[in-house]
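The following pair of complexes shares a single chain, chain A, combined with chain B in the former and chain C in the latter.
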Partner chain A sequence: MKGFATLLWLEARRSWVWAAALIGSLAFWAWGIEQVRLMQVGERLGVRAILLIVASMTGALVLALMIGRFRSETRGGQYQVLLLTPPSGYVHVGARYTFAAATAIVYYIAIGFLFWWIAEKAGIHLDAASAAQVTLALPLYLMVITILPFLAWVLLWMVFISSYRISGSGWIPGTVMLLGSFFSLRFLVEGLIDIAYRLPSWRLFQNLQTAIDRAAWEAEIEGYGGFIAMPQEPFWVMLALIVVFLALAGRIWQEVEG
Partner chain B sequence: MTHAFLTVVRVLLVGLVAYWAFRLWIGTRSYTSRGLGLFCSAALVWQIVAGTL
Partner chain C sequence: MLAKLDQVTKRYIKNEGVRDLTLCFPPGEVVGVLGLNGSGKSTMLKLIAGLLFPTDGRVVVFDGPPRRNRAKIVYLGETDALWPWMTPKDADRFMSGLYPDFDSGRFGELLDALEVPRRKTKTMSKGERGRLRLAMALSRDAKLYLLDEPLAGIDLISREKILSSIVREWHTDETILLSTHEVAEAEGLFERTIFLRDGRLALDAQTEDLRLQGKSVVETFKEVLA
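So, the complex of A and B:
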C-alpha cells in the first residue's frame, strides 16, 4: 500500500502539468460556449453541445497521451519503465491508471456540469434527479464504456511494446496489437449489441420532457419515450475488460522485470 | 484474374503476419506478451483469410 501511494505521488508529480492543463482547458471551452450567439435557442444549444462533445474527444486524446508516454521517460539515457523496482508490476500499472482515471473522472464530471449549464442557458431547468444524472450518472456510465477501457488498452499497448524494447524497435508489436485490437473491436461491439437489454436497463432523464415543456421553446425529443434506457450489460462487460487489460499489463511488467 | 491476384495478396499478407508472430514470440521473455502477440496475429490472419469489413 505504501508502494502504491509512493508511485501515485510520483505519477502525480510527473503528470500534474498534463492533468492541470486538461482540466484548465475547460475554461477555454466555457469561453467558447459563451461566444455562441445564434438567434435560435435550439441551434444555440446544439452548437454548444457539439463544442462539449469535441472537448470530450480532445480530453480522451490528451489522457491517452498522458498515460502512454513511456518512450519519453528516460533517466540518464535509460528507460525508467519495466526496470527492476521493489513494488510489483501490478502496483506500477495500478498507480499510473489510477491517476489517469481520477483525472478523467474530474474532467468528464466537469463537462457534465457544463452540459447542465448550457441546458439552463437554453431555459431548460432540470430537477434534482435529472441534474444528478447529467453531472454524475451519465458521465460515469459513458466513461466506463468508452474512455476508461480505452486508457487501460493504451496502457497495455505501451507495456506490450516496452516488453520488446531489448530485442529491437517496437513497431512490430505496436502495429500487430493496434491492428489486431481494431479487428477484434468489431466482434466486441457486435457482441455487446447482441446481449444489450437482456438485464433490466437503467432509466435516466424520466423528467426531461417535462423540463423541456416548461422551457420557453417547444421541442420534442425524437424517440424519447418518457425516459432514456441505458443497457447495463456494456457497463459490466467493459468494466471486466478494464480489469483484464490492467491484469495483463501488470503481468507483462512482472515477467519482464523478474 | 482478380481472384487469383487477391489470393496471392492474401498469401503474402499471411506470410508477413506469420513472420511478425515469429518475431513477437522470440523477441521477449514474457509469456503473456507472447500470448497477446499470438492472439493479435491470429485476429489479423483471420481478418485476411475470412474477414469482411
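So, the complex of A and C:
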C-alpha cells in the first residue's frame, strides 16, 4: 500500500501541471459558454452543448497525452529506475491509471455541472434526482464506456511501445497495435450494439420531460415515457475491458527489459 | 553465494553483450568490473540486476531470478535518471516509500557527507547529481550493490567523495560490484578484479594476488586489455 501511495505521489508530481491545466481550462469553457448570446434559447443551448462536447473531447486528448508520456522516461532512464523498484508492474500501472482516472473524474463531473448550468440557463429546471444524474451518474457512465477504457488502452499502448522497442523510435510495435486496435474497436462497437438492452436498462432523468414542458419547450423525449434508457451492457463490458488492458500492461511491465 | 552467472550469454539484435560468462559472487567482496568501452560491463551488471534477461545460461541472485529479488539489490545505473523536479527531500520520499530497507537518517548523513545541495536536480551539476544518486543507493541496507560507472564524467573532488563514501558505508557482509574507467583512483577499493574483453571474461583475479606478482590493477588492465 505504501508503494502504491508513493507511486501515486510520483505520478502526481510528474503530471500535476497537466492535471491542473486541464481542470483550469474549465474556467475558459465556462467563459466561452457565457459569451454565447444568441437570441433563440434553443440555439443558445445547442451551441453551449456543442462547446461542452468539444471540451470533453479536448479533455480526452489531454488525458491521453498525460498518461502516455512514457517515451521521455524511456529516453531519460527513469523507466529503468521504476522497473527495478520492488512494487510489481500491476502496482505501477495501477498508480498511473488511478491518477489519470481521478483527474478525468474531476474534469468530467465538472463538465456535468456545466451541462446542468446551461440547462438551468435555458429554463430547464431539473429536480434534485435529475440534477444528480446529469452531474454524477451520466458523466460516470459515459466515462466508463469511453474515456476510461481509452485511457487504459493508451497506457497499454505506451507500455507496449516502450517495452518492445524493435527500433529506436518504437514505431513498429506501435503501428501494429494501433492498426489492430482500429479493427478491434469496430468489432467491439458492433458487438455492443448487438447485445445492448438485453439486460434491464438504467433509467435516467425520469422527470426530464416535465422539466422541458415546464420550460415551455416543444421538445419531446419519445418512446421512453419521459426518461432516457441507458443500456447497462456497454458499461460492464467496458469495465471488464479496462481491467484486461491494465492487467496486460502490468504483465508486460513485469516481463520487460530495461 | 549472493549472485551467480552460469554460462550466461546476452545477445542483442546486432551484437553480443556478454558471452559464456560464469562467475560467482560470495558475500563480503568489493569487486572491480573493468574493461574497455563495449566490453560488456554494463550488460553484466544489468543481467545481475534483472534489467536484462539472459539469452542463454542462468543468472541467480539470492537463490532466485534477479527480478524476483529486486528489493534486495541496489543498482546504480550509468544513466543519470533522476526526474528534473526532484529535490533530495523528494528523493527521500521516493526511496523510503518504495524500498523498505531505505534508511532516511543515513540518507541525510550521506547528503551532508557528500555535500549535496538541497535543491532540484535540474539545477544541480553532474557531480552533485552523481553524489545524490550515490547517497540514494548507499542509504539502502542491501547485501548486493551494483554500481555502474558512478564516477563517469564527475570531477576529481566529487570522485574522491564518492569513493570515500563507498569505503565508509561498506559492511563486511555486503558485496559491491563497481564498474569504472577510473581504474587508478578506484583500484585501492578492489579486493577482486574482473576484466572483460569483447563480452568475455579475460581475467578474474584477487587484487592481492596481482600485487604479490608485483602488478597493480592499472598495469594488469593494460596488459590484459591492451
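In this text, the second predicted complex is superposed on the first by the 235 of 258 C-alpha atoms of A that agree within 3 Å, B and C clash if a C-alpha of one lies under 4 Å from a C-alpha of the other, contacts with A are read in each partner's own complex, and residues count from 1 in each chain.
Keep in mind that, in the parts below, a contact is a pair of C-beta atoms (placed from the backbone, for glycine too) under 8 Å apart; a residue touches a chain by one contact, two chains touch by 3 or more.
All of these numbers come straight from a predicted model, not from anything done at the bench.
Student: Once chain A of both complexes is superposed, is A:87 in touch with chain B (first), chain C (second), both, or neither?
Tutor: In the superposition, A:87 contacts chain C only.
Student: Just chain B (first), just chain C (second), both, or neither: which does A:25 touch?
Tutor: Neither partner.
Student: First (chain B), second (chain C), both or neither: which does A:2 touch?
Tutor: After superposing on A, A:2 lies in contact with chain C but is clear of chain B.
Student: Could you say whether A:201 touches chain B, chain C, both of them, or neither, answering first, second, both or neither?
Tutor: neither
Student: Classify the contacts of A:98 with the two partner chains as first (chain B alone), second (chain C alone), both, or neither.
Tutor: Neither chain B nor chain C is touched by A:98.
Student: Kindly classify A:13 by the partners it touches after superposition: chain B alone (first), chain C alone (second), both, or neither?
Tutor: In the superposition, A:13 contacts chain C only.
Student: Between chain B (first) and chain C (second), which does A:232 come into contact with in this model arrangement: first, second, both, or neither?
Tutor: In the superposition, A:232 touches no partner, neither chain B nor chain C.
Student: Once the two structures are superposed, pull the chain A residues common to the chain B and chain C interfaces.
Tutor: In chain A, nothing is touched by chain B and also by chain C.
Student: Give every residue of chain C touching chain A within the complex, in rising order.
Tutor: 46, 49-53, 67, 70-71, 73, 75, 77, 79-83, 85, 90, 93-94, 97-100
Student: Contact residues on chain B for chain A in the complex?
Tutor: 17, 20-21, 23-24, 26-33, 36-37, 39-44, 46-47, 51
Student: So in the complex, which bits of chain A are touching chain B?
Tutor: Going by the criterion above, the answer is residues 156, 160, 163-164, 166-168, 172-173, 175-177, 179-181, 183-184, 248, 251-252, 255-256.
Student: Residue numbers of chain A touching chain C in their complex, please.
Tutor: Answer in residue numbers: 2-3, 5-7, 9-10, 13-14, 76-78, 80-81, 83-87, 254, 257-258.
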